[in-house]
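Next, two complexes with subunit A in common: one pairs it with subunit B, the other with subunit C.
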Partner chain A sequence: MSEFLQHIANTLILGGTYALLGIGLTLIFGIMKVVNFTHGELYTFGAYFVFLVVSVLGLNFLLAIPVAILAGLLLGGVIELLLLRPMRGADIDTTMLVMIGAMIVMQNSEQLVWGGVAKSVSTPFPETPLVIGPVSVSYLRVFVLAMALLLIAATYILINRTKLGKAVRATFQDRDTASLMGVNVQAIYTATFAIGSSLAAAAGALLGPAYVISPHMGDIASLKAFAIVILGGLGNITGATIGGFILALAEELGAGYVSSGYRDAMGFLIIIAVLLIKPTGLFARAERIG
Partner chain B sequence: MRRFVPYIVVLFLACVPLWLGDPYILNAFITTGIFTIGAMSLNLLLGYTGQLSLGHVAFFGIGAYVSALTSLGFDVELFERFHVVHEPWPVVYGFVLAIVFAGLCGYLVGKLSFRVRGAYFVIVTISFAEVVRLVALNWVDLTQGPLALTNIPPFTLGLPGIGYVNVYGKIGNYYLVLGVGVIAYIVIKHLVESRIGRAMVALKENESVAVSVGINVTRYLVLAAVVSAAIAGASGSLYAHYLRIIDPDIFLFLYTVTMVIMVITGGKGTLAGPVVGGALFGATPVIVRSFAAPEVQWILYGAFMIAIIFVLPQGIVPALERWLARAPAKAERIAPQPSVSAE
Partner chain C sequence: MSRFRLLAGAAAFAVLAGTAVAQETIKIGVNEPLTGPFAASGTYVVNGARIAADEINAKGGVLGKKVELVIEDNKSNPTEAAAVTEKLVTRDKVPVIMGAWGSSLTLASMPKLMEYQVPMLVETSSSGKITTSGNPYIFRISPPSSVEAAAFKPMVPKMTIKKVDFLVINNDWGRGAAEDFGKMLKGENIQVGLVETMDQAAQDMSAQLAKIKASDADTLMVTTAVEQLTLVLKQAAALGMKKQIITTGGSQNPDQLIAQAGTAANGTIHLATFAPWQPDATPNPQAAKYFIGEWKKRGFEFPGVTESFRGYDGIRTIAAAIQKAGKAEPEAIRAAFWDVDVKGLNGDIKFQKQGPAGKESGQSVPNVYLIKIDDGKVVVPTM
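And then the complex of A and B:
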């Protein structure tokens, strides 16, 4: 029983960052219909940015996270302007290939700059874990969960309660009408991609210090994000949030009770199962892509 | 005139080992050839049916593992009850089994994943490849996991009762890869120029119209997946017996990307496209290795692929053909006709 409670605690912490990753991709893949292979690279970028600020520049860890999120926002905007804006109107496979090219460039740039050896970040949190009954978690991970929940809430408010969010929703519901109503549609595309990318960078900035940072960490993160988005239904932010926690639960229980070697297989098995049984996702409005 | 181009190319390639002494460059020719065969098989799905399978490396890797394990033998417990022992067989059987087994996997994956299209199809195929990679990594009794399968015997040619010849060394492997490549090319050419090929192209161009004229969509897509997977399995087998060591990294997404770059830059949906793309991709490291680290090479490939998609969205071969035919009017949407025998 205590082992199970520990798994639940781990699920909550992992699920928070997975939800961030998934919400970011559901904006880009679900709403913008871009099969975004750079999502995992933005995740890696966020993690390395924290490493840069904390370990290379020697600045405060708490400062590093918002800076990394901001950097992710900018990088996402640049990618959209350089690569996606000229491809507007191209079919989904063509933009996907461009994003694969971008992924290769970004991943190898990270490897070139930082080398192949994994890095770890020192944080200001105490080494001794926080013990509540049978469960023990490190203070860093509690902080990660709190930050993730805060960012999820902020994204909800941004998309559902602000004028920008309303413009985003309008643009992707009916681009022409939104344009006629005076929405700057081109700017909304860039903003949406940038926001989605910044959430991926946030997930990397939070989860990177909890594990180690390596140039290839983004490969699996991209695919997990796709699993979460498909699970939650395309473009559904609530679905992506719940999907993030479901994936984390499946991984924790799979690793704990089946075999730790197959932890990463859970996401793929979920993708295959969901697409074959209920391709619209668990929480979906009827939507198709491609 | 143009119909002689493939013969000239094969003749040229057949002469290469006669004057080329540098083993490094010959090695580059062989590995490029193996991946070009993989790219040709991917092109059947990506170029002719329009289905972007990004899990293609799964079939390549399955072919490599099946062939290696058939020729090495294995000894595993299944479900802690059944003891399965396999004595080593000649490599030729491994090669055949690799083709059969990969084709079978292509059938299963095709049957399951063609229920979804577009982005969903892409993601299902990637997921399949990753699951296979994790199995290869974790089923240590069978695959040695990350320790890799070593001492894989070199390729043998021959028949039972007559005897076998080992294909040692670079020159032998070079002709082996060239031979398999030519056979794969001929198989694909006959397939895409047949009724089946026209049905595939019709599906790609407009699925609803194709259905309305009575084309059984799933049947043709699955057929393409089987042939494509089988050829990828054959190239995987060549890879295993050439390198003589394989590990689960053979299933990395990067290898699928390699094949995708070859197909896209060369020209998807053309017979010559993957060959031209493969030659370019294979020649680049030989030229730039003196001044560029592997990471820089990959950055160049990625940037090159993006540039090709922006500038020549159809790829190099269709652009060359258009330039030769000087028919800019047809430039907009050139149908992926089997290029070599267009006349």
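And then the complex of A and C:
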């Protein structure tokens, strides 16, 4: 029983992280329909940025997180302006190839700048874990979970309750009509990509210190993010959030009670099942056509 | 037109000059992971190899020619490792290769060695299969898991171990280690409990660790490279795990663990293949001091020494084989490997026959040490 409770605690901790990775990508892949292979690299960028601010510049960890999020916002904006804006109207395959190229360039630049040896960041949180009965978790991971939930809520409000969010939704539902209604469509594209990117950087900034930071850390993050978005339904923030927790639960219980060799396969088995039974994702609403 | 001919002439000259220079060197192929999950380790090995090549060349090279390393990145990916081996042999025409760090990377390269009949010195891989599958082009200087397990055997009764769980990287290296150590421990009447695996790129092992925490074993043996090991130690500490942790495989880089896992590394025990903390106590103090000095002089970080010494020993062993062969040709080098006797940083390098008769691989038997991290320092426990 105590093992089960620990698995559930781990699920919450890991699920928060997965959800954060998922909502950033659901904005870009789900709403903008850009197959964003740079998502994992922005995650890595956020982590290295925190390393730079904390370990090289010697500033506070808590200060480093918003700075890294801001840096991710800017980098995302630059990628959109330089790579995606000229590709507007190009088909999805062409854009995908450009994004694969961008991913390779980013990952190799990270290795060139920082080297292949993993980096670690010290945080103000105590190294001894927080113990509640049979369950034990690190303070840092509890903080990461809280921050993840905060960012998810902020994104939800931004997309569903603000004027900017309404413009975003309108633009990707019908670009021409939105444009006629006075929405600056070009700016909305850049803003959406930048916001999605900043969420990836936020995930990296929060998780880099919890794990170790290395140039290839984005590969697996990117893979999981795509899985979560497909699981939750494209463009659905609530879906991506719940999808993140479902994936974490599947991995935890799969590794705990079935076989750890298939830990990473568990999530994908669920996705195959979802695609077979409900191909639009678990939480997709009926799409308006026309 | 005349300008075109001038350019063409210059290009032709450059090509000819290039081959002229190339003829004066002896090429050694180096197939290592320089990107991907094992990038750090592979880079260490390559930097160690460079120190050896520079040292050899400063002393006049081999057979009167300079040694030239042709270094290729296998991206921590077995498919790429096989492609790199093929490229080194067919395009660069190297007569001998060093590689490929990980067991799965080496195993993927091995059929290519058979196909092109080029020998490879294996510097890091631990899987038993590498030297027992009947590939006569393989010469290994790192200890296979069975040798590590045998070296650990006399230490076991002096430790308090009743039941062991395993957490290993899910590839030939990790699974091989769990098998060989499990066999040895059962022979010592120690129970073997869970055998859990982790994907080589995985960053979160808390599910496996939660299961291991709940088991009744008193000891956890972990086999993986330093980066994932750091995560395992940190996550085990976060779960409040109190078991004795012993690691195998020789890629633990204890100083890096101390720096990155912090207090989570305290109390952990490691089977290492080189102990650079006390160069005087190593089998070859003079060479060890030279290598460590050169490593620091080049501005590399000290923790890398426990990994990079293999690249250094590997290239020196290859150079000795070429010298013995008298010519830089694959078959002559392969035959000469059987006669080398190199003073390695971790004991004498001499190859013994392993595997099916008639197509044996070469295996050198290096020393294995037990070290402990105590209060943020590496100590050699007396037993």
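Note that the second predicted complex is superposed on the first by the 274 of 290 C-alpha atoms of A that agree within 3 Å, B and C clash if a C-alpha of one lies under 4 Å from a C-alpha of the other, contacts with A are read in each partner's own complex, and residues count from 1 in each chain.
Following the convention adopted for this analysis, a residue touches a chain if its C-beta (ideal position, glycine included) is under 8 Å from a C-beta of that chain, and two chains touch if they have at least 3 such contacts.
Every value quoted in this text rests on a predicted model; they were computed, and no experiment measured them.
Chemist: In the overlaid three-chain picture, which partner chain does A:E127 touch, first (subunit B) or second (subunit C), both, or neither?
Modeler: second
Chemist: Now for A:F29: first (subunit B), second (subunit C), both, or neither, which partner does it touch?
Modeler: first
Chemist: Quick check on the superposed pair: does A:S109 touch subunit B, subunit C, both, or neither? Answer first, second, both or neither.
Modeler: In the superposition, A:S109 touches subunit B alone.
Chemist: For A:I272, select first, second, both or neither according to whether it touches subunit B, subunit C, the two together, or no partner.
Modeler: A:I272 sits against subunit B, while subunit C stays out of touch.
Chemist: Of the two partner chains, subunit B (first) and subunit C (second), which one does A:S214 touch, if any: first, second, both, or neither?
Modeler: In the superposed model, A:S214 contacts subunit C only, not subunit B.
Chemist: Touch test for A:V98: subunit B only (first), subunit C only (second), both, or neither?
Modeler: So A:V98 only meets subunit B here.
Chemist: A:G261 in the overlay: touching subunit B, subunit C, both, or neither? Say first, second, both or neither.
Modeler: Touch partners of A:G261: subunit B and subunit C.
Chemist: So in the superposed three-chain picture, is A:Y156 touching just subunit B, just subunit C, both, or none of them (first/second/both/neither)?
Modeler: neither
Chemist: Which subunit A residues are contacted by subunit C in one complex and by subunit B in the other?
Modeler: 107-108, 111, 219, 261, 264
Chemist: Where on subunit B is subunit A touching in the complex?
Modeler: 50, 52, 112-113, 115-124, 126-128, 130-131, 134, 137-138, 253, 257, 260, 264, 293, 295-296, 298-299, 301-303, 305-306, 309-310, 313
Chemist: Mind pulling up the subunit C residues that touch subunit A in the complex?
Modeler: Of all residues in subunit C, those touching subunit A are 34-37, 39-40, 42-43, 170, 196-199, 201-204, 206-208, 210-211, 213-214, 226-227, 230-231, 234, 237-240, 256, 259-260, 262-264, 301, 304.
Chemist: Show me the residue ranges of subunit A that touch subunit B in the complex, using the header's touch definition.
Modeler: Subunit A reaches subunit B through residues 29, 33, 35, 83, 86-87, 92-94, 96-98, 100-105, 107-109, 111-112, 219, 223, 226-227, 230, 259, 261-262, 264-265, 267-269, 271-272, 275-276, 279, 289-290.
Chemist: So in the complex, the part of subunit A that touches subunit C is made up of which residues?
Modeler: It comes out as residues 2-3, 6-7, 10, 13-14, 107-108, 111, 115-118, 120, 122, 127, 129, 131, 136-138, 141, 211-212, 214-217, 219-220, 251-256, 260-261, 263-264.
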